[in-house]
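Here chain A shows up in two complexes: once beside chain B, once beside chain C.
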Partner chain A sequence: MNTPYGELLVALRPELCLVVGALVALAVDLPKSSRSPTQRLQISSTIGAIAIIAALVCGLDAGLPGQLFSGVFNLDMLAQASRAGVLGLALLTLGITAGTSRLRHPAEFVAIILFATAGFTLMAVAQQLLLAFLALELASLSLYVLAGFDKTRPESAEAALKYFLFGGVSAAFMLFGFSLIYGITGSIELPEIAHRLAMTDTSPLLMVALVMVLVAFGFKAAAAPFHLWAPDVYEGAPAPASALIASASKLAGFTLFLRLLWPGLGAVSGNLTGTAGWLPVVALIAVASMLLSNLAALAQSNVRRLLAYSAIAHAGALLLGVIAAGTSGPSPVFYYAATYGLATVGAFGVIAVIERTGPCHSLSDLAGLRTRSPLLTGCLFVFILSLAGIPPLAGFVGKFVVFSAALKLGGLAGWMALLAIFLSAIALYYYLLILKQALVVPAAAPTSAPLRVPPVAAFALLITAGLIVLLGLWPSLLLGLF
Partner chain B sequence: MSQLQLCLVLSSFLFCIGLIGAMARSNTILVLLGVELMLNAANINFIAFWRYGPDHAAGTGILFVLFSIAIAASEAAVGLALVIAVYRHQKNIRLQEANRLKG
Partner chain C sequence: MNLLPWTIYVSFAGAFLALLAGTRSASAARWVALATAVAGTLLTLLAAQSFTPGPAMQTLVDVPWIGELGVRYHLAVDGISLTLLVLTGLAATAGILFSWNIEERTGEFFSLYLALIGGVYGVFMSVDAFVLFVFYEIAIVPKYFLIAIWGSTNREYGAMKLVLYSFAGSALVLAGLLWAYAAGGAHGFGLDELTIAATHISHPSQIAIFALVFLGFAVLAGMFPFHTWAPTGHVAAPTAASMLLAGVVMKLGAYGCLRVALPMFPGAFAACQPIIAWLAIAGIIYAGFIALVQEDFKFVIGYSSVSHMGFVLLGIAAATPLALAGAVLQMFSHGVIAGLLFAVVGRMVYERTHTRQLAALTAMPLHRLLPFAAVVFVLAGLASLGLPGFSGFPAELSILIGTWQAKPLWALVAAVGIVVAGAFTLRAIQVAFFGSTGARASSVDAHAHPLPPITLAEKSGALLLLAATLFVGLKPDVLLNWIVPALQSPAFQAVIKGGTP
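Here is the complex of A and B:
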């Protein structure tokens, strides 16, 4: 058998850049030296940024080779776009890390961010169950470590342990589901699976497999009722780690999810009016996520937990987009996930900058931000309004394309879209609570000193805010891709 | 009952034991054991489907199992590291006492 390893090497240059960059960052930091942690952080994040930019350039340079390595990789437009999106989000996370991190082992942190990013990019191109599982585990295992990286705070270790235990169980569910799919179809390649499933009837065993895979994806995407880890992890993990978990991992996860469900298992999708399949289950998870999270967020007073519940609500809306993707194509979900990722990276970046000088737990810690740092307030304003879906920001266009795709489907999906629109109005309340603290409420005496924003972090935040406005004004930059 | 069915019954049984262990135990190490049991149940499935399936020559099931054993090992490594990190702070590994984060 003549295997095209050369082709593979060319197509996987971005992943190579990331892994080599991670190893170089570790190696440079390895010898004992008198450098301070700040200098070490600067050196390793520079190496990391170079690696990610090289990966971006290689990825854009590769074009669209399509199926590779006998169908294990599929480098179509969706894969390339979400690979570029994941790399961009990781770069912004790295910028925030470089500006704000006070960790004792900065090189390891940067290296693990790069490993996680390699996992995300592989998730974006995987078209085979084994590669999908391996990429997902590479990303997840890196994220568990990142969540527990702050060894001085017990909350960080606890968050990582909870994330790990939930994630481990969900990985086992996914593997069991994959094994059943392999047993039913005799193949682990998605096109082959689709071909075999189209010829067979739905069996109870297949339903068990589908439910197990969906349970696992529900965990990974933090959709209700499998969302319990999300608020704890977002609260306990270091802010850059939370940013990566909330943004790039969501984008990569939903790309994989789309590819697995529609091209792979599309033959057994069932429909929303009662035929058995995965569509009713996804619909149930989507509605539960939107309802539970928006109501739970109303009672929150912790900023990070509030962002976690907002993440769960957005996961519900994204699942609605997944349901609609069968007819409208993947572009609404991709646009939504990418712009949502930008807004959360930014929000966690603002939290990270505030945490350099004091705590940022409860909403009142944001009080007086307007006088302390106009730059941060302006950025936070853009991010939060984009999360809430206010025009002309990107969050609004994301909501618009996803909901209109669902409304076009009509029937139950249309009603779900109406519910989502109604719940967006409720969500506006808790988003505005954040902005009220930042813009209106004056600062309490001990925390009223002006905040100094590190230049790298300021640059990353401004780029993020700029991208949100730009993509909101010209959505066709992303939507026109495919 | 055919041999394939027996294997599937065994693996489902193991998966359930693992899930119950992961849900009900309060000792973190025992929860980890439960997760490993669930992963191994899936591995038995892969081997059984490969052994009794039509496509014997391709060896897909075996390959998948090799990779998933490696993943399970690295998961155990990360898990035990996190258990140690928690132990350093709360001096035990009982899950009930890992309750700083709530709200």
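Here is the complex of A and C:
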């Protein structure tokens, strides 16, 4: 077999850039030196940013080669777009990190962000079960480390441990599911699997495999009832790590999920009227996520936990988009995931800046933010309202395209979309609670000092807010890609 | 005419400028806001000057926006929208004059205020459901902050309740519109296109979708029993926000019912007509009786708004040409009069006496301390209870006659509401301004601490609104000549023909 390694090298230039960047960042930081941690952070995040920008340029430059390396990679439009999206979100996360981090090992932090990003980009292009699993684990292992990176706080260690245990179990589930699929179809490549599945009848064994895979993805995507790790991790992890877990990881995960379910397992989707397959299970998980998270979020007094429950709610809406993707194509899910990612990166960015000088746990820690920093308040206003789905921000268009795709599908998916629309009215309540603290309530005495926003972080936040407004006003920029 | 879309852009630009100006000085922000509102009003009046009434919507802008969804940025006006645009301009200008005394975070106040106004202008011009919805939501969010930051009694509760009701209503609307879009197989969100798509939907689904959309809009119009947000919200809101809420925002709901819900589903509307009419009548009478026993002056006005908006909904429910025209006229009339009443109660009286309890006000000889406020309130009150010569009279009369043509019983029961309105308005005038006889003793005391005089800004705001209600009261033809031809459009004819029981 003539393996086209040269072709592969060209197509995977973005991943190469990321890995080389990570290694260079580590190497530069390696020798003992008299530099202060801030300088070290600046140097390594500059290297990281250069690596990500190089990866972005290479990725956009590559064209659309389609299937590569005998079908292991599929560089179609979805892969390209989601690779660019993941890189962009990682770059914004890096911007926030550079502005705010007080960690003792900045170079490692940046390097691990780059490794995680390489995992995300591979998830975006994978079309083979083995590569998909490896990419997912590369990303996940990096994220476990990032979650536990703040060694000064026990919560961070707790977050990492919980995330690792849940993630490890879900990896086992996924691998078990994958191996069953391989056993049934005799292939690990998605087109081949789809081909075989279309010819065989559904067997109980296949159902076990599907449930295994869905459970694993439920864990990774933090969908109910597999969401229990999310609030603790979002709460304990350093803010930039939470931002990456909530944004880029979601986008890459849903891209992989879409590719696995529709082109790969589309033949055994079943339908929502009760025929066995994965659609009813995904529908169940979606409804559970939307209901549970929106109700649980009402009782939260911690900003990060609130954002975690909001993430679960959005995961439910995204799963609804996955259900509809069979007829509507991937564009609604992609748009939703990308714009949701922007808004969460921004929200965690604001938290990261506040945490430079004081805690930002409870909602009341945001009190009086508008007098402390009008810039942060303005950005937070955009991010939270986008999460709530208020036009003309991108979050609204995301909801609109996903729900209209689901309603077009009709039947149970339509009812789920109506449920999701009604729940968005409940969601506005807890989002307004955040904005109420920031804009209405005056600052309490110990935390009333003005906040200095580091220029890099300010730049990253402004870019994020600008993108949310821009994509809200011109959604065709993303929707038109597919 | 083609300058009308600039009302939206000018308002949003003004909102931005007011925010910037507010960081330098409060008075700069005020003048920016006033200039913006006046510019908006002038643009609407200029358009009214060159407006030729007709049944068709006259397109102002029509460009593709989101090709993938078939959304077009399509703005158009007919006589009905123009009436409400003029109202928006007047109410916005008056509201700014009455909030001249906002000292705290002035720039932000006017910025949110103008953003709300921009959204309202946008709703009244949109003929694409997506665009309409976007503007509708832009008008909702600023309300929360206007009330929660600058409000009074129980403001955070009132603000949250109001916004959640509005947003829940808009969620119903969104659900209904998306359902119609998907089920009807439409390729875009133009109202005409959705109307055609809606004919492909089965009758039971049509009724369900109509119920969603109508209910969603009617919540914002204060329809019984979903009106409870209105009094609490109005009472908690700062004066200018109450003026806008009662004056134009509640009209957004009624306008949505009239422009979107009815023409899209004339058949379903015909089936639901009696329910809507009885809910409207219940609102008129129930809110009237509640207003009669309120101890807080602002609650009286708050419930009176719900009662008067009941007439608008009744006119819509009756759906005869006269009733519909009356409903639009009543929207204009109530917008102006409610603005005046809230201005007197919230700004002229409360900011000086620092009480809104009728029991406390009755002890002050307000007619002597604040003669201007008393005169304005008496005139506005008379206009509100439908005295000939003021705009309330032709409006409520057309609604009642139009309703009589559809169903005499409705008109008879609703007429009780007029009597109740007379009772609570006269009671408020009597108790608040002309005190009890025991007041004579305390008047000496009051003269020792004279209340601050009525400012020029307040006077001009009050005169502006009084002039508007008198003008429309004396020459309702001016507005009716715009409104009646608009009802000749095929969309409204379907409603009127299908709607007569």
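Quick notes
By definition in this document, the second predicted complex is superposed on the first by the 482 of 482 C-alpha atoms of A that agree within 3 Å, B and C clash if a C-alpha of one lies under 4 Å from a C-alpha of the other, contacts with A are read in each partner's own complex, and residues count from 1 in each chain.
We adopt the following convention: a residue touches a chain if its C-beta (ideal position, glycine included) is under 8 Å from a C-beta of that chain, and two chains touch if they have at least 3 such contacts.
No experiment lies behind these values; they were computed from the predicted model shown.
Touch criterion not met for A:G264: it reaches neither chain B nor chain C. When the shared chain is aligned, no partner comes close enough to touch A:P238: not chain B, not chain C.
Counting the residues of chain A that each partner touches, chain B and chain C differ, and the larger count belongs to B.
Touch criterion not met for A:P14: it reaches neither chain B nor chain C. Look at A:G88: by the touch rule set out above, it reaches neither chain B nor chain C. In the superposed model, A:I390 makes contact with chain C only, not with chain B.
Contacts of A:S331 after superposition: chain C is touched, whereas chain B is not reached. Look at A:G480: by the touch rule set out above, it reaches chain C but stays clear of chain B.
Contact residues on chain C toward chain A in their complex (touch as defined above): 66-69, 130, 133-134, 137-138, 141, 144-145, 148-149, 156, 160, 163-164, 167-168, 171-172, 174-175, 178-179, 181-183.
Touching chain C in their complex are the following residues of chain A: 331, 385, 390-392, 396-397, 400-401, 403-404, 407-408, 410, 414, 417-418, 421-422, 424-425, 428-429, 432, 435-436, 439-440, 475-476, 479-480. Considering their complex, residues 129-130, 133-134, 137, 141, 144-145, 148, 151, 154-155, 157-162, 164-165, 168-169, 171-173, 175-176, 178-180, 182-183, 186-188, 231-232, 235-236, 300-302, 305 of chain A touch chain B.
Residue ranges on chain B touching chain A, taken from their complex, read 15, 18-19, 22, 28, 31-32, 35, 38-39, 41-43, 45-46, 48-49, 53-55, 60-61, 63-64, 67-68, 71, 74-75, 78-79, 81-83, 85-86, 88-90, 98, 100-103.
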